[in-house]
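The structure appears right after this line, and notes come after that.
Naming follows writing order (A, B, C, D, E and F), and every chain is counted from residue 1.
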Amino acid sequence: MADKQDDAEIRSKLLAVSTATLTTALFKRGLRNTFIQGARPLNPQKCKMAGPAFTLRYIPAREDLDTLAVFRDPRHPQRHAVETIPPGSVMVIDSRGDARAASAGGILATRMMVRGVAGLVTDGGLRDSPDIAAMDFPAFCRAPSAPTNLIHHHAIDIDVPIGCGDVPVYPGDWIVGDAEGVVVIPAGIVAEIADEAVEMTAFETYVEQQVAAGRSIIGLYPPDEAARAEYEAARAKAKDPS
Amino acid sequence: MADKQDDAEIRSKLLAVSTATLTTALFKRGLRNTFIQGARPLNPQKCKMAGPAFTLRYIPAREDLDTLAVFRDPRHPQRHAVETIPPGSVMVIDSRGDARAASAGGILATRMMVRGVAGLVTDGGLRDSPDIAAMDFPAFCRAPSAPTNLIHHHAIDIDVPIGCGDVPVYPGDWIVGDAEGVVVIPAGIVAEIADEAVEMTAFETYVEQQVAAGRSIIGLYPPDEAARAEYEAARAKAKDPS
Amino acid sequence: MADKQDDAEIRSKLLAVSTATLTTALFKRGLRNTFIQGARPLNPQKCKMAGPAFTLRYIPAREDLDTLAVFRDPRHPQRHAVETIPPGSVMVIDSRGDARAASAGGILATRMMVRGVAGLVTDGGLRDSPDIAAMDFPAFCRAPSAPTNLIHHHAIDIDVPIGCGDVPVYPGDWIVGDAEGVVVIPAGIVAEIADEAVEMTAFETYVEQQVAAGRSIIGLYPPDEAARAEYEAARAKAKDPS
Amino acid sequence: MADKQDDAEIRSKLLAVSTATLTTALFKRGLRNTFIQGARPLNPQKCKMAGPAFTLRYIPAREDLDTLAVFRDPRHPQRHAVETIPPGSVMVIDSRGDARAASAGGILATRMMVRGVAGLVTDGGLRDSPDIAAMDFPAFCRAPSAPTNLIHHHAIDIDVPIGCGDVPVYPGDWIVGDAEGVVVIPAGIVAEIADEAVEMTAFETYVEQQVAAGRSIIGLYPPDEAARAEYEAARAKAKDPS
Amino acid sequence: MADKQDDAEIRSKLLAVSTATLTTALFKRGLRNTFIQGARPLNPQKCKMAGPAFTLRYIPAREDLDTLAVFRDPRHPQRHAVETIPPGSVMVIDSRGDARAASAGGILATRMMVRGVAGLVTDGGLRDSPDIAAMDFPAFCRAPSAPTNLIHHHAIDIDVPIGCGDVPVYPGDWIVGDAEGVVVIPAGIVAEIADEAVEMTAFETYVEQQVAAGRSIIGLYPPDEAARAEYEAARAKAKDPS
Amino acid sequence: MADKQDDAEIRSKLLAVSTATLTTALFKRGLRNTFIQGARPLNPQKCKMAGPAFTLRYIPAREDLDTLAVFRDPRHPQRHAVETIPPGSVMVIDSRGDARAASAGGILATRMMVRGVAGLVTDGGLRDSPDIAAMDFPAFCRAPSAPTNLIHHHAIDIDVPIGCGDVPVYPGDWIVGDAEGVVVIPAGIVAEIADEAVEMTAFETYVEQQVAAGRSIIGLYPPDEAARAEYEAARAKAKDPS
């Protein structure tokens, strides 16, 4: 129960910060490779998402194994993944960066949306992309791609560690997306990263306002001691305007 | 006359289905490589198109041959192609996937639009792309690209088989585009593919509605016998609601 | 004083023509490689820009040198560049085509906008791209990219000749951007190129109107003697309708 | 026991044919994607190999997890794989086509050679490549690459289905290498493929000799009825020269 | 007859110079794009070649058209090309830079060698590459590649202008290869280029000797007046040592 | 004088270890990106080299600036660099990874060899590569490339920090090459890296011998306490066999 509560808090914080801020917080801890390369949102106006990763691994297709008949099997990993991913999680698909065929399409995206899934990320393609772009469901891919996944992909594993867009993704890592792209946060540090990112965001917003008003970035971003004190004072005042 | 009628019917059906559905219909017949890789619409809101392919082949430019003077020749293949492509056809250009220079620009696109051409596809670039994006003329390319085509391309042939985005295109093949991209349908099977895609679309629409309403995809997509019967009944009722 | 006036005139002309037209004017002088490859506007509706280049050169980062502490140095080349680039200039960054990390972000873009900088171009990435996309500040990059620049880039030089998107850029060259992309004009010929492009644009507009009205491009684009005379007459009349 | 015998026979046949012939035999059965893209032998004079696949899967490295300390764990998948791969098998590593760091190096290659492993294939890099090139051990990679695998790779799984060079590899599939590269044969058809390839090779050798002696390929390659009969007669005579 | 004589002389001169020297001679005439990108010799010790281009054009394969049965047609363009290319010519294949499948193999190479063909160039792959590497027949490709050409290529045209490795090749252009790669010389200037390259080679040899003996390149390469005079004197003496 | 002595010692040590070992020593200090990507030796049998970096920076060429006439200027950066690089140094050229034209050729390589330069590295191409391959001069490039550098490159700077093959190179950094490729060692740590690499090599040689003799890598590589003690004892005995 406590955990559920925590997840809701973490999600709330992560939805309030940008992927740019998160990559800097991760970089401070020595993690340099956390931004999924090439994943762009189909629906940039409605793509803010955060949730633990549930993964699906593809290998290249083989003509004799990957026919339309495979989908008749209710345990087919792609279909099974869509039906079993926990609500609130993000589906992350390792498509080996190959967008010549789709990783998933509109019907599966709809099913996941209805089931309460937080979003969908692939380093390959998505089909029915015009339909998905109109949905209220965050979906990220390398490119729209009409061909069915069987043409180049074979779903092989569910919820194992994968690579996606050159980034390692372990099941349970937190996945955050915005109009810039998708970042992966190791599960063990997500709470502290969320807290730190909220603090960083408050400061960056302050800086942005100061700079928009004409102030130089020198001594401000990053702040020297005076600027830091000035910011702390402004912040204290904002919290307690009395 | 009959043929014209057929073409209109085929076009009408193809405009009512998605490129995603068409690639699946083609995959059922063993055709795996039918989606032009990398061709994106400049005007996604007005890019629905269907028509037989009329092709233009480029080879790399040579500095002594490819000067602005070549366009003074009324038989220059690029200009000749634009003036002779039949209304209703789609111009497909083999630019060897090279978008460093444009394959065509706004004036030629306007000429084709006025002449009743159905659309324009290149695996290279298009220039005057902001103008073309505002036209009611489907245009697909790998990237906007300002440089004139002579810098990297030499128009050499009209209406010969070509490759475009790694897909073979024979003159007369049907080219269908939507906001997802462009698919190539061999001329000999276009009628049956169009019919089948219409049927598939009806079923997919039904599935999409069911899934949006909360139904699982297992047993539905693809349908087991019960789901198939249920769909047939719903469809019969829809056709004859009495 | 005269120079300032000239710059204003040149800017005004360059803002009235397209990058496509400019590349053709440059091609006439033997310059084939003037369009920055891969640079796309974040804010296509507000990306028209023209100004002399002010450059920033990056080399790959090294873990021991490129830590967040470097930004405390007021002479850090990236921060120094942002504070010293002359108003009216365009910041052009050589990021070696590497968009895995950002070249700059929202706060620096804001600072440059406030300082009157004409625009920002990189052949790498930009972070805080959703924020920048909402600003009235032309910004061009290969891709949105959340990671801070230190992860892959080390700012090393200000205002030296660089490559950007495979194009040479010398400080003072004129940089012109529109929704299609960015073109580089050698400083020594910018005045004549601006004049010629204005003339070319007038003719192209005439051609576009004629073609939209149904005229063939043959004999018109490029014009034969009759079409040329017709255009000159129409133009004379437009200037002096009496 | 019988199986071991079969394996030895299959291996013997596969070592007597080329990867080119094998890809054609596989193509006849509808398998088009069987040649590992980009894998080149380090030691082309001693790279002939055949054996069942034993696989190792890598995902991208993470700085906090992938330190040199991991190799102190005797169950580390890379080290464990090297010690447990059955003699006669081929180690196939999925490195996601990333050769920026090595997949393995000279000491592990030596250990596998000593253990009787048939060969090593990766779609990434190999380090100590000059040493491996001098060994009597078939080793195939995309490129020599000095950096230790931990810099970009994390060994995660042993003997699961993988992709390697864009080709699916299931544990037990037969892997055949020669100076041209590496082909993957599904386990279920390896016996018939081996037989057919031996037959094809006999015919191709005959054709090669005929062509070297001046005969046209028309009617010979592929053979018309007369050429087929002629070949069968020559072959019968060769088998029974009495 | 005279032409044949001329061809022999041209060939003799071109075989005595390097592709590096030829690209410089072509660059002096404004031709910058004459070196086929990515084409490497399979047999670097025996790859010197020169001859007029005979071309073969491939487009992407289509599964229903490109089956092994097509080779039964004696007019199949690939087979027909191999049988009809004139002795002394170089076969140049446009494979769209796609080396996933072969452009040709050992038997066709043997047939061409026997027929007196000067060499073989493709921007795709070659199969049976170990066999071809052992032949006395110049063969250039992007990579060894086992799969039969039908898997990705469809031979469509013979002796038409093509692109190969991003360079335009017109039938009759002269193709020269050495261990560095392959250069294309427009037919109309081959005689003068050959003469000039012979002169350049004589001077470069002189420079190489001087530099090897310890002389600075400044004033020598390129030569100032004194060095030019010195060279002319040395050359005159060499021709007439009396 | 002392420094020279040190340089000789460092060079001697670095020539006795492999680039693979050096990248691991650098990785232990947090330096992950030290191996120049894509640089291969033209003469693998004679490519062992070590020396401080002297750098040359190229930007893209511009047709009006980069004509053959530029080489008449004795201060042209490329020619000047070749004449002024200190003996014992390694010339490292930033060619932006572009091998479409050469970075240098045989005559300049000869001049550097005669002047006592330690070697040549570019992330672009080298022309006259067959000649250079026959010289006793280490030379590394991405690919042989016949076209003169002016076609795509403009030499702009000497001895400034550059990127080469995605690795930062500061003047004075030590550059070590072997048949595997090229590694960059920051100047400040080269002495300790050299010492450590010599120690590592001694141990790796021991491990290699043990493994070749049949020992498992588990507990040996890396060594557990017992193996470490055993190695130290063997080493002590080897140093003092009495």
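Note that in this section a contact is a pair of C-beta atoms (placed from the backbone, for glycine too) under 8 Å apart; a residue touches a chain by one contact, two chains touch by 3 or more.
If you're wondering where the values come from, they're calculated on a predicted model, not measured in any experiment.
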Seminar exercise, completed: In contact with chain C and chain D alike are the chains A, F
For this session: Could you work out which pair in D-F, B-E or A-D copies the interface of A-C, where over half of the contact pairs coincide by residue number?
Result: D-F
Exercise. Between chain A and chain F, what is the separation of their C-alpha centroids in Å?
Worked result: 40
Seminar exercise, completed: Cα centroid separation, chain C vs chain F, in Å, comes to 38
Seminar exercise, completed: Note: chain C sits from chain B at a C-alpha centroid distance in Å of 32
Seminar exercise, completed: Shared-interface residues of chain E (touching two or more other chains) are 32
Exercise. Hey, which chains are touching each other here?
Worked result: A-B, A-C, A-D, B-C, B-E, C-F, D-E, D-F, E-F
Exercise. Which of the residues in chain D come into contact with chain E in the complex?
Worked result: 18-20, 22-24, 27-28, 32, 34-35, 37-38, 40, 44, 178-181, 183, 204, 207-208, 211-212, 214, 216-219, 221-222, 224
For this session: Mind listing the chain F positions that touch chain C in their complex?
Result: 29-33, 59-64, 96-98, 154, 156-157, 160-163, 166-169, 186
Exercise. What does chain E use to touch chain D in their complex?
Worked result: 68, 71-72, 74, 79, 82-83, 100, 102, 105-108, 110-111, 114, 127-131, 133, 143-148, 150-151
